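Below is one structure, written out as structure tokens, with a few remarks after it.
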Amino acid sequence: MHIPDGILPAAVCFGGYATTGAITWYSLRKINQKDDPREGIPKASLLTAAFFVASWIHIPIPPSSVHLVLNGLLGVVLGYYAFPAILIGLFFQAVMFQHGGLTTLGVNATMMGMPALLAYYLFRLRTVLGRKGNRLGDRKGRPYQALTGAFGFLAGAGGLGIAALIAVALLITTIPTYLDVEAERASIYALTLAHVPLMVIEGTFTALVVLFLQRVSPELLGD
Amino acid sequence: MKLGLDEYGHLDSLLHQWEPKYKLVGLMGLILAFSFVQDPRLLPAMLAITLALYALSRLPLSFLIARLRYPGFFLLMVAILLPFLSGSTVLLRIGPLAVRQEGCLDLLLVASKFVSILTLSLILFGTAPFLDIIKAMRSLGLPFVLADMTLLTYRYIYEIGDDLERMQTAMGLRGFQARYLGGRVLRVLASLAGSVLVRSYERSERVYKAMVLRGYGQPTRPSAEPRSRFGDLAWLFAFLLLAAGFIAAEIVLRQGQG
Amino acid sequence: MEYQPQQVKPTNPDDPALSVSDLTFSYPDKDDVLRRLSLEVRPGERVGLIGPNGAGKTTLFLLVCGVLKPDAGEIRLFEQPVAPGKFRPDIGMVFQNPDDQLFCPSVRDDVAFGPANMGLPRAEVEARVREALSTAGALELADRPPHHLSGGEKRMVSIAGVLAMRPRLVVYDEPSASLDIHSRRRLIRFLQASQETILIASHDLELILEVCDRVVLIDEGRIVAKGDPTEIMDDVELMEAHGLERPHSLAPHVEPHHERPRVARHF
């Protein structure tokens, strides 16, 4: 759902650059506040590359297949590095595969990156809820699997859903059509609803990966 | 796995010789100016300049076609709706559908802008090693977090891509086929993705140690600025002038209509 | 933290290059990885570290380089205490997997990484890059991306990246792992010709025999034996008691022993 070059008016593109610039600035500030911002860079970079590669995995939907977006999962794992990671990932996709665009880099980054950050905040909720003394986690302060799975699902589905909503809304409102406002709104809802099956797949997949990580390498989830 | 555009980066053309830093600013300026164009009367000029620049770059036509093919196809799939949705002047009716004039112009506009902008970006990234472009961005002020992340990501995409391929081969050799959408398939693919993530994470810890051992984090001297030749600046000026020209023309034409 | 070039003290040949005393270290999930380990290495010596997996060899290297902080004990490098986290280009470490160490998109940039962080002027950095690459025999690879290199080439480039800092002590972690025969021979010749003080951890016992003056056998975080490589590695009981084997070249070639055991095969 990356928006390619040529469709959006320049004003929207500039707006996209502005919002991406602001969120990037905010993310970098948060990163630089850490004791050693450089320590997280190799981890974030290699995980960015890993996500880039992981999104090449074909999920079969007969008769063909889809690639997942995984922005929700990226937010869960990378935290404040998620937005720069998405920006860089999108840049590589645009340059290497002509997927997405350079003028629309700002728009695409905000569209995918903001839900990633929201997914991060949402998942933090799960960590807080699952801590010691709470019925949702075990005595050692580790959140239960069910809780982790549920929040993983929400992060994945939400990540895709919000991005899809923004993409659809942008496209419909910027392309001059003969549809009136109500029809526009209706078509936005309809097109977003059409993404629900994908949201379910993305959510399920995210939940499964998150559960895998919880078992194998919980530090990646911040546990 | 061809992941860069560098295949023709070693050729010799005026565009290849243009210092990456100025090339970046000049071409991006023109790209942004093109994105501003809404008036169909500017399209011939836009396309002419684009094609002239491509010819100047000595990049092969096959390269352009190969790169434009799939994205162009997908764009067309979406944009083909425009003549049926956009505008009010009906040109002809095909059954219940109405082909509208404004929509046809919109389609032409979208297609032309797409082709022009993509061609210019192929020129930008195809006439210099990718690495040099990142260094140029760094010298233009890209924050170190982004620059370091970009370089490291670029370096390890190949390795991690190889990891994935190897794991998929191994899975295939043990009989796994992702043919249907089901619980087991998703679980296996999720483990695959998870493994890629964990391996990359573990590698990143070793990479960080290796970087620290060779002094990562020490303040470094700023690398020497490449000497800007007159030609580099002249080209930059020309490009920015051209970009400004398009924007001005667009504004004038819009006012004329309004 | 800012790197200050240390006052160059003339190397007193009597001072040990490395002295480790009572070094103790545990990981959060693994206790007693190193237990009161003491070791001394003289300048110019080539010491081989052998031992089973998990014995603590890599951990020892990371502690000596200052990447990890010891729980107890002291480490001195050329008579200066090692401060964890402080950048000391007089020691260099060659990692087991060269991909972990070649993190720049081009060979030239990677080899320049160390000298650049030492604050050297650009011309000096370039000179060091050339010097290191030619010592490692990899000068023609300078402008290649690391991804396109073979295993042996990656190995030599990663060594060049460390040599560019002109370390006085170089620590090698399994340097011949996954090298083909030709590359391995090249590595052995390189190690035999090197001027620095060297510590090599390796399962490649034949390499250790060919390169090292002294061998240290480590198991379960303690030094079990140290001394002449041939003497130690010829002690079959000792080697097998610590998860190792006598290197084949030391086996007396008197009785025929190249027979493969006959196992019944059913098809």
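Just so it is clear, A, B and C label the chains in written order, and each chain counts residues from 1 on its own.
The definition used in the following text is that contacts are C-beta pairs under 8 Å (C-beta built on N, C-alpha and C of every residue); 3 or more make two chains touch, one makes a residue touch a chain.
Here the structure is a predicted model, which is why all the values come from computation and not from measurement.
**Student:** What's the fewest number of moves from chain A to chain C, given that each move must go to a chain touching the current one?
**Tutor:** The fewest steps needed to get from chain A to chain C is 2.
**Student:** Report which of B-C and A-B is connected by more C-beta pairs in contact.
**Tutor:** Here the pair linked by more C-beta pairs in contact is A-B.
**Student:** Could you find the chain whose CA centre sits the greatest distance from that of chain B?
**Tutor:** C
**Student:** How many angstrom between the C-alpha centroids of chain C and chain B?
**Tutor:** The computed centroid separation for chain B versus chain C comes out at 43 Å.
**Student:** Need the CA-centroid distance for the pair chain A / chain B, whole Å please.
**Tutor:** Each chain reduced to its C-alpha mean, chain A and chain B end up 20 Å apart.
**Student:** Would you give the residues of chain C that are in contact with at least 2 other chains, written as numbers and ranges?
**Tutor:** Answer for chain C, listing residues that touch two or more other chains: 103.
**Student:** Indicate the residues of chain B shared as contacts by at least two other chains.
**Tutor:** Within chain B, residues 130, 151-152, 154, 156, 203, 207, 211, 216-217 contact more than one other chain.
**Student:** Residues of chain A that contact two or more other chains, please.
**Tutor:** As it turns out, chain A has residues touching two or more other chains at 42.
**Student:** Can you name the residues of chain B that touch chain A in the complex?
**Tutor:** Residue list for chain B touching chain A: 3-5, 28, 31-32, 35-36, 38, 67-68, 70-71, 74-75, 78-79, 82, 85-88, 100, 102, 106, 109-118, 121-122, 125, 130, 143, 145-146, 148-154, 156-157, 160-161, 163-164, 178-181, 185-187, 189-194, 196-205, 207-208, 211, 216-217.
**Student:** Provide the residue numbers of chain A that touch chain B in the complex, in ascending order.
**Tutor:** 4-10, 13, 24, 28, 31-32, 36-39, 41-54, 56-62, 65, 70, 77, 81, 84-85, 87-89, 91-92, 94-96, 98-99, 101-103, 175-179, 201, 204-205, 208-209, 212-213, 216-217, 219-220
**Student:** Which positions of chain B touch chain C when the two form their complex?
**Tutor:** Contacts found on chain B: 130-131, 151-152, 154-156, 158-159, 203, 206-207, 209-221, 223-224.
**Student:** Give the list of chain C residues in touch with chain B in this complex.
**Tutor:** 1-3, 62, 65, 67, 85, 87, 89, 92-93, 95, 97, 99-106, 109, 113-114, 116-119, 121-122, 146-147, 161-162, 165
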